[in-house]
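Here come two complexes built around subunit A, the first alongside subunit B, the second alongside subunit C.
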Partner chain A sequence: MFTYALRRVVAAIPLLVLVSFMCFAIVASLPGDYLDLLMAPTMSGDVLAARRRELGLDRPLYVRYFMWLGQVFQGNLGTSVATTRPVIDMIGARVGATVSLMGIGLLVSLAIAIPIGVITAIKSGTWLDHVATFFAYLGVSVPTFFSGLLLIYVFSVQFGLLPSGLMETPGKGFDIVDRLKHLVLPVTVLGFQGAAIYTRYMRSSMLEVLGQDYVRTARAKGLPAARVYLVHGLRNALVSVVTLLGIALPSLLSGAVITEQVFSWPGIGRLLVDSVNGRDFPVVMGITMLVAVLVVVGNLLADLAYSVVDPRVRYS
Partner chain B sequence: MKYRSRLAVRVLGALALISGATGALAQDDQAGVCEVRGGTANIGMWSITGNFLPHYSVSNYEKYIGNLVFHSLYAYDEDLELIPRLAASTEVDEAGTTYTITLRDNVLWHDGTPFTANDVAFTYRLMLHPEYDGTRTSNLMSIKGAAAYRAGEADDVEGIVVVDDHTIQITTEYPDAVFMEAVGKELWILPEHILGDVPPAEVDAHDLARNPVVGTGPFQFTRYAEGQFIEFTRFDDYFLGQPCLDSVVVKIVSPSVALAQLQTGELDITAGTGIGSLEPRDVEYVNEIPGVEPVVYTTSSIQVLNIALRKPYLQDARVRQAFAHAIDRQALVDYLLLGYGEAANGPLNSEDYFYNPDQPIYEYDPQKARQLLEEAGWDFSRTLVLMYPTGNRVRELSAPVIQANLQAIGVNVELSLVDFAAQTAAARDGIPDMWLSGSYLPLFDPQTILYSWHSSQVPPAGYNLTYFQNERVDEILDSAGRTLDRDERSALYDELQVILATELPVVPLYYAQSIDAVSDRLKNAHPGPWDATWNLHTWYKTE
Partner chain C sequence: MTGALRRRRVTRSLPAALAALVVLAVAVVAVLAPALAPYDPNQPNLMHMSRPPGGEHMLGTDMLGRDVLSRLVYATRVSLLVAVTAVLINVTIGTLLGAAAGYFRGWLDNVLSRVADAFMSFPVLPLVIVLVALFGPSLLNVIVALALVGWPEVFRLVRGETLSVRERDFVQAAVSLGSRDARVIFKHVLPNVVAPVIVAATFGVAQAILTEAGLSFLGLGLRPPNASLGNMLLDAQSITVLRSHPWLWIPPGALIVSVVLSVNYLGDWLRSRLDPRLRSR
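Up next is the complex of A and B:
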């Protein structure tokens, strides 16, 4: 399995280079650049031209790409044009906010989705299943900006129980209770939406497994129902959830743009949107590439995890 | 609801100041101002990038923070008069070219170092240095020897002389009408003892740009919590007296969170025009919040329909006049701004001292518009592209209205919604026929507002993407900029406004009023077209 993993990692390098070129080409072909946003009565044309040269924006695309790639291979993601800070610092300053929000949101989703998915599959067709299905569709269809504002209105404005935004109370310093309070509303929004999606997957995957011959055989052998559902059923049904987790991993870093916006959460999603609007190409590329790396890593981990949850899968 | 809209007095203050020496520092008398001491003012703002030196940016977000940390020589008060800040008084000689500026002798930087004339000279030289690539050079270009120094032909700026620790003498090449405003207000003095040895090209990468802990303002920068808020604490040795509040927090919140936080008391005031102002539809909502008042005020922020004069079919002024007659500007104000604004007739709003009421005014008149188009031989089969940027809700809503107005007179219009950078690039490349944009200038002198119509402002040197050029306009601006006499300037600007209203390189649409919200508990904080934080040290909060 180790050689398999190593092979996959090595094979990922040309893939990432290809991805980076495509991203770079797309980002660079966005109309307008950072200097277009600097046009103002106090800015003269010669200064703009000088800065354009300095930032290399007057060079052809492929030259700029290789300059950027050269930097990356030296472990340097470049410097933000808007803030003059190293891109890696800007991302680093927001990783904690995004990972804590998305990570806890994902855990909450799974904690709700797996049991409900299993139960609704076992009890499929009953009123319980219908109620759960109703809520799942509700969760998928209600946009987060709406549910977020609704929660703010109820829990912050009306009852004054929870803070309406940001990640900490200014002037408080680090206070774990304060941080957790700020997490509750955005995590609820993300957790509910995620749970709705994963419940559907879990339910259908479980239903499929329960229809398999070996499940019927197990039942026929007279094994207790709980054992059949949990050992034979759940374990195999989890395979598809593992695939989903592999896909969800990059989102831990890319963040949830809309939810972050609604709750003024200082995450990477907001940074990415601001950077695209501000044409801060090094930051956009830095975030895009980190997410690309995580997509590759996430898929690799998912593949490796199959061999753990599914004994039929063997890598050599 | 409070309503403030007196812009008429503006500029007069600046001119009065130039005409003679001012020494009175009556506004320094803050005795008994703080009825309550302590507490925190929470200010709501929409965005931030994280580099706090406004000398390198055109973003009003950065400027807001930079302006809290660093003082300029002068500031605007609530009568829009320039009042001495780091300066104590200024004397101008009879020729109007030599400014002897006496600085306050009791100003300390936040690290305890005394502020001196060397800091002022350092800052001005930095902005003129050949390697300085920031956004403030043009403020200083009228100083004698500035051009030569900027071009690398001189070792020093001839017109900047440090007389003693608290006196600096600035000589300009010609009597510069906007000198007091451009140099006095929008040039924040930087600490020489921190930045003196930093190469000019690297100042914006210096730690002071991210952690501006050494400034001259009433509050010292303490912390930037990435993407969340900026904290300031009281500076006890502030030269205008100890500030009333213990701390100030500028929170980066979305408008919806801001409304919620105003209601919960987590926010006391919004940051103002363009960076923290609310939508017209929010006024009623804010009115319902107990203890929070909406504050509506007129600004010089104008929205216009730009017309690409490079396109041959748009070069006949009658076509542009037809557009002006076709667009129902009052409807935009009534229905989109909900009345919080004024239909615009020209680049200066009707409350401006220099506004010319006798300029051509285009009433909504589709029939006349149609007639003008026919006279101009307009090709009614042509389709024009109207581009408009995201980011301003009312403006986004106005585009389809303008499209319908123009289609009503037979002009086919296709809409194109893009983001701001994309629109600027497209306009530069001559793609759209027309595009919507707004401008907001925190400087009030008409010269600054009108100078964008000087032919020197056409690309590549400038940013006037309509490519409007007019010899008489250049003459007017050149002489008005070198005239200190108010009546003479007024006559020149009157003529200029007539030319612009006849030629119509842009169709003026509306002046949107700015809508802020402020809590009743926060005293002495009055949002307006001035910097509401001009008297930040006197803000206090009751329970």
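Up next is the complex of A and C:
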């Protein structure tokens, strides 16, 4: 187990190096540097050159990459051009909102997808299967901004039942009911899209398991259908859902960017869009690095979890 | 043909036929846009601002008095152009690199596979956003960004197929007869991977339409005054438009859904036709 885990961790390093170098190269290739922002225009060329040497800006690119990387490891992602606040603080203030939205959205989609995936696999080829297939395709074909706007139009504008955006009513302070009300619409949008994706995975995973010899044996032994489906079928089909959680992260993050925009949700996705529009590159790159690390770590955890539930993968 | 089998054929083919019809209609609209649009899509008309649908303007006009139907027609053209071009590029890159990696294996395969993994593990939308932010938003840059995020999937597919096809007898025979590598790849390997690539490309178009729409919705795609299906919904972020001008945002949204849904169904049908391994499902 340990050597397997070690091998996976080592394999993730080139990916991180690649992404981090990309981030650095982009920041470094921007016209002008850090000094141009801080220095008064009256400062003489000599002083500037001295300051530049002091900060290491005259060194070759690869040296500066390692200097930058050292800073990143110490949690220093640079300073925002727009707000002059440290990038890490700006991201830190937004992470919670995105994580709670994505986490609840993921739970909702799994709660929908697992039962429907199992049922449609058992009833494969029936009208029920076709209806579920239609909704699954619909779920991946509706852009989240359109479903979001439709929900706001119906539930906030027409009926006034739910708030149309933000995470809480401004100035109200923490109120759990208020928070939950704000969650309903964005979670519905993300949950529907996620459920559509995972239902298909769950269905094909279950279909595969149901075709296995041990399922036929269980049936031949005369076990009740419920036991065959739930104990022999579902338990084994769930194994591959674990890997699904690894690939869920990127698609969730993509969905969150637009969903946050539609619902004015104060998360990282909105920060990214605002920073891109404001050409605040240190923040853009900070978020890119964070997302890359999250995705790599997510994949790694999914791989390791998979090797725990299915020991065969460690030896292949 | 038994009744059950015929029923299955129909339940599979009927949605596919409908989907094909929608895709065909949309493609015709895209190609003939200048002939079909009743008005100039970018020409404001201060006398006809914010008109509801009906009368001279079938789908109404926007806040600047531009004809919504005409904008929709041109937006369809742009969105399809972007998606199809991007997919053509990424299919070409993915197929060539995938065939090379699968055929030659070794270090080339290792390097290309790592790069593809790096691209695939990153969330599509943030990646496209960052790319467009760097190059600046323009039609060409959106296409390039979409192609850059799309190729690894085709690459993986073609590489996998090539790895198995290259071991088959007819390929080995061609190699032992002294065919050059390029000839073996183009004449013997690639024809055998065409089917799954077509299926992947179809789903790729659906995905590209969605990503472009999302990008334009965030204001990072095609720049105004030009219309794309995504940026036509941009105005609906204001509550006034959302509440009282539904004809401005519901038609483009509904159009995106029906086009993407149809393309996905078409891909599903193609897959069931072209991939014998999935026939039984």
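Everything that follows uses one rule, which is that the second predicted complex is superposed on the first by the 245 of 316 C-alpha atoms of A that agree within 3 Å, B and C clash if a C-alpha of one lies under 4 Å from a C-alpha of the other, contacts with A are read in each partner's own complex, and residues count from 1 in each chain.
Just so it is clear, contacts are C-beta pairs under 8 Å (C-beta built on N, C-alpha and C of every residue); 3 or more make two chains touch, one makes a residue touch a chain.
If you're wondering where the values come from, they're calculated on a predicted model, not measured in any experiment.
K.L.:
Identify the partner contact of A:19: answer first if only subunit B is touched, second if only subunit C is, both if each is, neither if none is.
P.N.:
Second partner only, subunit C.
K.L.:
Kindly classify A:277 by the partners it touches after superposition: subunit B alone (first), subunit C alone (second), both, or neither?
P.N.:
both
K.L.:
According to the stated criteria, A:157 is in contact with first (subunit B), second (subunit C), both, or neither; which is it?
P.N.:
It touches subunit B and subunit C both.
K.L.:
Quick check on the superposed pair: does A:75 touch subunit B, subunit C, both, or neither? Answer first, second, both or neither.
P.N.:
Neither partner.
K.L.:
Answer with first, second, both or neither: which of subunit B and subunit C does A:266 touch in the superposed model?
P.N.:
First partner only.
K.L.:
For A:149, using the defined touch cut-off, is the partner it touches subunit B, subunit C, both, or neither? Pick first, second, both or neither.
P.N.:
So A:149 meets both subunit B and subunit C here.
K.L.:
Once the structures are superposed on A, label A:124 by its partner contacts, choosing first (subunit B), second (subunit C), both or neither.
P.N.:
Only subunit C is touched by A:124; subunit B is not.
K.L.:
What part of subunit A is shared between its subunit B contacts and its subunit C contacts?
P.N.:
149, 152-153, 157, 164, 261-262, 277, 279
K.L.:
State the interface residues of subunit B toward subunit A in the complex, per the touch definition above.
P.N.:
40, 42, 47, 49-51, 56-58, 133-139, 186, 204-205, 209-210, 225-229, 231, 247, 249, 251-254, 256-257, 260-261, 263-264, 266, 418-426, 428, 441, 448, 451-452, 457, 459-463
K.L.:
Please give the residue numbers of subunit C that touch subunit A in the complex, ascending.
P.N.:
8, 11, 15, 114-115, 117-118, 121-126, 129-130, 132-134, 206, 210, 213-214, 217-220, 230, 233, 236-237, 239, 242-243, 246, 249, 253, 256-257, 260-261, 264-265, 268, 281
K.L.:
Inside the complex, what are the residues of subunit A that reach subunit C?
P.N.:
Touching subunit C from subunit A are residues 14-15, 18-19, 26, 124-125, 130, 134, 137-138, 140-146, 149-150, 152-153, 157, 164, 204, 207, 249-251, 253-254, 257-258, 261-262, 269, 272-273, 276-277, 279, 281, 284, 287-288, 291-292, 295-296, 299.
K.L.:
In the complex formed with subunit B, which residues of subunit A make contact?
P.N.:
Result: residues 30-34, 36-51, 54, 79, 82-85, 90, 93-94, 97, 149, 152-153, 156-157, 160, 163-168, 170-171, 261-267, 270-271, 274, 277-279 of subunit A touch subunit B.
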